[in-house]
Amino acid sequence: MPGKKKIGMVVSILLVGGALGYLALGNFGENVVYFFTPSEVKAFTTDYYQKKVRVGGMVVEGSMETYPDRLGLTFQLTDGEATIPVTFEGIPPDLFKEGQGAVVEGYWTGEHRFESNLIMAKHSEDYMPIELKRAGVELPRKDFMKSLVE
Amino acid sequence: MIACHGIGKTYGHFQVLRDVNLAIAEGECFALFGPNGSGKTTLLKVLATLERPSTGHFEILGMHGLKDKEAIRANLMFLAHGTHLYDELNARENLAFALALRGHHPTDRDVKRALDRVTIGAFADMKVRHYSAGMKKRLALAKTMLANPKILLLDEPFTALDTAGTEILREYVRERLSDNGTVLLSTHDYDKTRPIASRAGILRHGALQETAIEELQSDDLV
Amino acid sequence: MTNLYIRWGGVCVVAIVLIVLTYNHYRDNLANLAPRQVKQEAPAGDIRVLGMVQGGTLETHGAGEATFTLLGESASLQVQYEGPPPDNLRELKILILIGRWNAATQVFEARDIGIVPNYGFIAGAYLLGLLPLALLLFAMNRRVNFLYDEIKTSKLYEEE
Amino acid sequence: MTIHRVIRKVQRFEGWFGGGAVLCLVAGLYLGLIGSPPDYYQGEVVRIMYIHVPLAHTSLLGYTVLAVGSLWYLWKRDPIVDNMCQAVAALSAVFTALALGTGMIWGKPTWDTWWTWDARLTSFTVLLLILIGYLMLRTFVDDPEKEARYGAILAIVGFVDLPIIHFSVEWWRTLHQPQSISMRGVSISSGLLVPLLFMSVGMSLLFSYMLMVRTQLLYLDRLLHAKKGRLLSQFHLSKFDS
Amino acid sequence: MTSFNVIRWIVWKDFVTELRSRETISSMVFFALIVILIFSFSFSMDQQAAREVIAGIMWVAFAFTGIIGLGKSFSTELQNDCLEALQMVPEAKGAIYLGKVAANFAFMFLVEILLFPMFVILFNLEVVEEISLLLLVFFLATVGLSAIGTLFSALTVQIRAREVMLPILLLPLVVPVMIAAVEATKGALNGDPLAMYEQWLELLVIYDVVFTVVSFWMFEFVMDS
């Protein structure tokens, strides 16, 4: 009986450890659709139209335009391969700006425009003093899309 | 065979049992007297492996009370204050369930004989919900009879039992003793216990004092 | 018990020294003006003005030059910026401008852009983070001392 | 009872932990508040990081200690380990609450909201709820043995649950910046990193020191009550015998 | 195979008791109906809005009815101190745990199946296509809830303030189940492509495996000093 118990314990530890390990390390994180990339959005079938989805990408430099009369803006979101236009209603978060990453939530319309009502700006995890930044120092940057996922 | 070595038990800031040493041999019936709140039930629960003692250890049938609990349980029945019966099941189902958990599967004839012996055979198919307290006690006794354990712990067994029921219980205890069983019972009732008990002790504020049963006076037991 | 109070007295002294040092270090940055004050009082010399960049007014000319309107609560300023390439200049953002007010042209000539320092938040965070810990530790220290005393005086102690 | 001896040995160095904590924290505070430059993007507000991040790290460390201690207790049933578990749970709860509080204060100027149902905020809230549940559970049991056992069970189950909670809320929604210090490298420049390290070390030392003090407190409390209880029983007995 | 016998007898006992008293399931169903009623008062919903929040409402109702059932599962063992008898079973306690989990799962799943048509009718949902996926979600989430819920039901039944402590301890621990169940249910009800929510099904499976195993071992310490 104690031998049986020991085997049971080892099997249990393997099961729990395996499941948790699969969750943490396995390729599970990669096929998680936490957000789509612009190239995936472009390839959407009609199934996905008008479904609330999240898209993550980099705001294209110089693409941001504000409306003079009401709150809201339009910009382009890119993942390096494809670029989609996004319209947004509301006040953007303080950290939102061109050249930074952002995750937007909203609907992909049939007219190939992304209508968003929520921007989640990521303030990047890079911290450095302003003098260094002006001197053009870049910290060892990670892969951009990867830094969004984690 | 039961042996306690310095058993103590604390609930919060209150010490219920203090340094209880006790040895009961095979074929012996030990009667535990003591006023309410003196720790009788706690001692029985500790020995029934239901509660872990705060200090000390004990052996039952030579098996360590904290390490070989499962083996001890297979050889021990605890007739507690609660009767361990399910109200929605009838007598037969209750017996079948309780014994199946202990690994016994008594035949219908055995069940009928046990129920007849405690004189509730006529109510075998009635829900326990409709039983009286004495009938429940008898059914619990029938369960014990079917399990037929080496060690028997009885917590105030005479409450709710009438004269006939008391006699059935005492008869069963004698039978166990002659079969080399060990019985430990807690009680307030000196007269009902006197005929079966071979030794006795008084618990006071958690401390056990062993006395010869003949020397006990009933006003000792208040 | 006295040992305990001496130790905690030391901690308090260190804390006070730190607070004073920090306050001195930031005293200069604490004063900001609103656009309305600038227009009314027209102060001379370097000043710090706090306001929001109005939507649709930002025009950049080259790397380090820009013009825009700074929106205050009841007034707005024309701003001309000349300085290092601004990182934090964007529309609908609240900023601090460092520069001088040109009363003649009614244009604010900014030479640096700072982010709203939010010292209140920083002080709040540090107080919230450290004060409860210190109080809790102090209470626990006192209680431990008290328990030792209690066990000694009530002669309860014996080696277990 | 080897753990007893280890604990006694570590307790002897209690003062070193306390002193080290004060030194590191003072150095960290000086560097963080005065000696370090503001961030290029967040400005001065980045200084909140020096207090927020160490608090959060330390509370997670505390939860790990709690889980390991609980396993140990279930295995060896040593009451002083249980005292340590109870102490570490209370301290972890305080540190978690403070981490959430300072995080909220950091969130207001950067995200422009005190509270958002972001992943890490949510999982820390759940962590706090589990710890509060643990502390509540312990007050509702009369038997100290049961109290310790049930507490240990809850702590272990909660600890196993922690990564799953983390991942589930992470996928559910996330806004919080990724960790700056990870296996893939450090993305904080040194001027900002040094005070953070000082504060982290100081906070861990402070936590260890507080843990020792609190464990001692609970142990002495138990000792005092046990002795008092024994005296009480003795008193009853003597009254009975006379 | 004595432990298998123990499982079978525990399930049998719970079912017979429930069939005769009908306490647990009727109170669960009734409570859930009240929850539905109250939610329908507090939201005035068109079909589009309903789709956004209905999954959340559904799982709030299921979780709370589940807690009622779980609480009952061991508090019925308190009458006549039957819990003591379970504690004194010579077999390893894991068998009792599995039996109780099976019984609790059956009750909760049955109630969910009974209630689901109510949601469909009262909130005008269209579900015909996705019904098998929905059932899978219900199944996985209910396994998770009953696996960990049974452990804590057995734990809280032995302490003071047990009715309060069960939800207080249980709900933070089942956060992953609730999130995953709500997201997956929402996906299935919306008719989203499976790729958009299959991760949640995987998370449910992982949770079920981990907590069945962990609770199985921990149950020994709950029942046994």
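Order of writing sets the labels: A, B, C, D and E. Residues in every chain begin at 1.
FYI, contacts are C-beta pairs under 8 Å (C-beta built on N, C-alpha and C of every residue); 3 or more make two chains touch, one makes a residue touch a chain.
The shown structure was predicted, so the numbers you read here are calculated from the model rather than taken from an experiment.
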item	value
Chains touching both subunit A and subunit C, listed by label	D
Path length in steps (a step moves to a chain that is touched) from subunit C to subunit D	1
Required steps from subunit D to subunit E (each step between touching chains, minimum)	1
Chain at maximum distance from subunit E, centres defined as averaged CA atoms	C
Comparison of A-E and A-D by number of C-beta pairs in contact, larger one	A-D
Furthest chain, CA centroid comparison against subunit A	B
Separation of mean Cα positions, subunit D and subunit B [Å, integer]	47
Between subunit E and subunit B, distance of the C-alpha-averaged centres to the nearest whole Å	38
Chain centre separation in whole Å, for subunit C relative to subunit B (CA means)	73
Whole-Å gap separating subunit C and subunit E, where each centre is the average of the chain's CA atoms	50
Multi-partner residues of subunit E (each touching 2 or more other chains)	92, 199, 203, 206, 210, 214, 225
Multi-partner residues of subunit D (each touching 2 or more other chains)	38, 40-42, 109, 142, 145, 160, 164, 167, 171, 228
Per-residue overlap in subunit B, given as positions that touch at least 2 other chains	51-52
Pairs of chains found to touch, sorted by chain label	A-C, A-D, A-E, B-D, B-E, C-D, D-E
Residues of subunit D that touch subunit C when the two form their complex	22, 26, 29-30, 33-34, 38, 40-45, 47-48, 51-52, 55, 94, 98, 101-102, 105-106, 108-109, 206, 209-210, 213-214, 216-217, 220-221, 223-224, 227-228, 231
List of subunit E residues in touch with subunit D within their complex	148, 151, 155, 158-161, 165, 168-169, 171-173, 175-176, 179-180, 183, 199, 203, 206-207, 210-211, 214-215, 218, 221-222, 225
Parts of subunit A lying in touch with subunit D, wherever the complex brings them together	16, 20, 23-24, 32, 34, 93-95, 120, 122-134, 137, 139-142, 147, 150
Interface residues, subunit B side, partner subunit E - complex	48-52, 69-71, 73-74, 76, 78, 80-89, 93, 97-98, 100-103, 127, 136
Interface residues, subunit A side, partner subunit C - complex	66-68, 71, 91-92, 94, 97-98, 130, 133-134
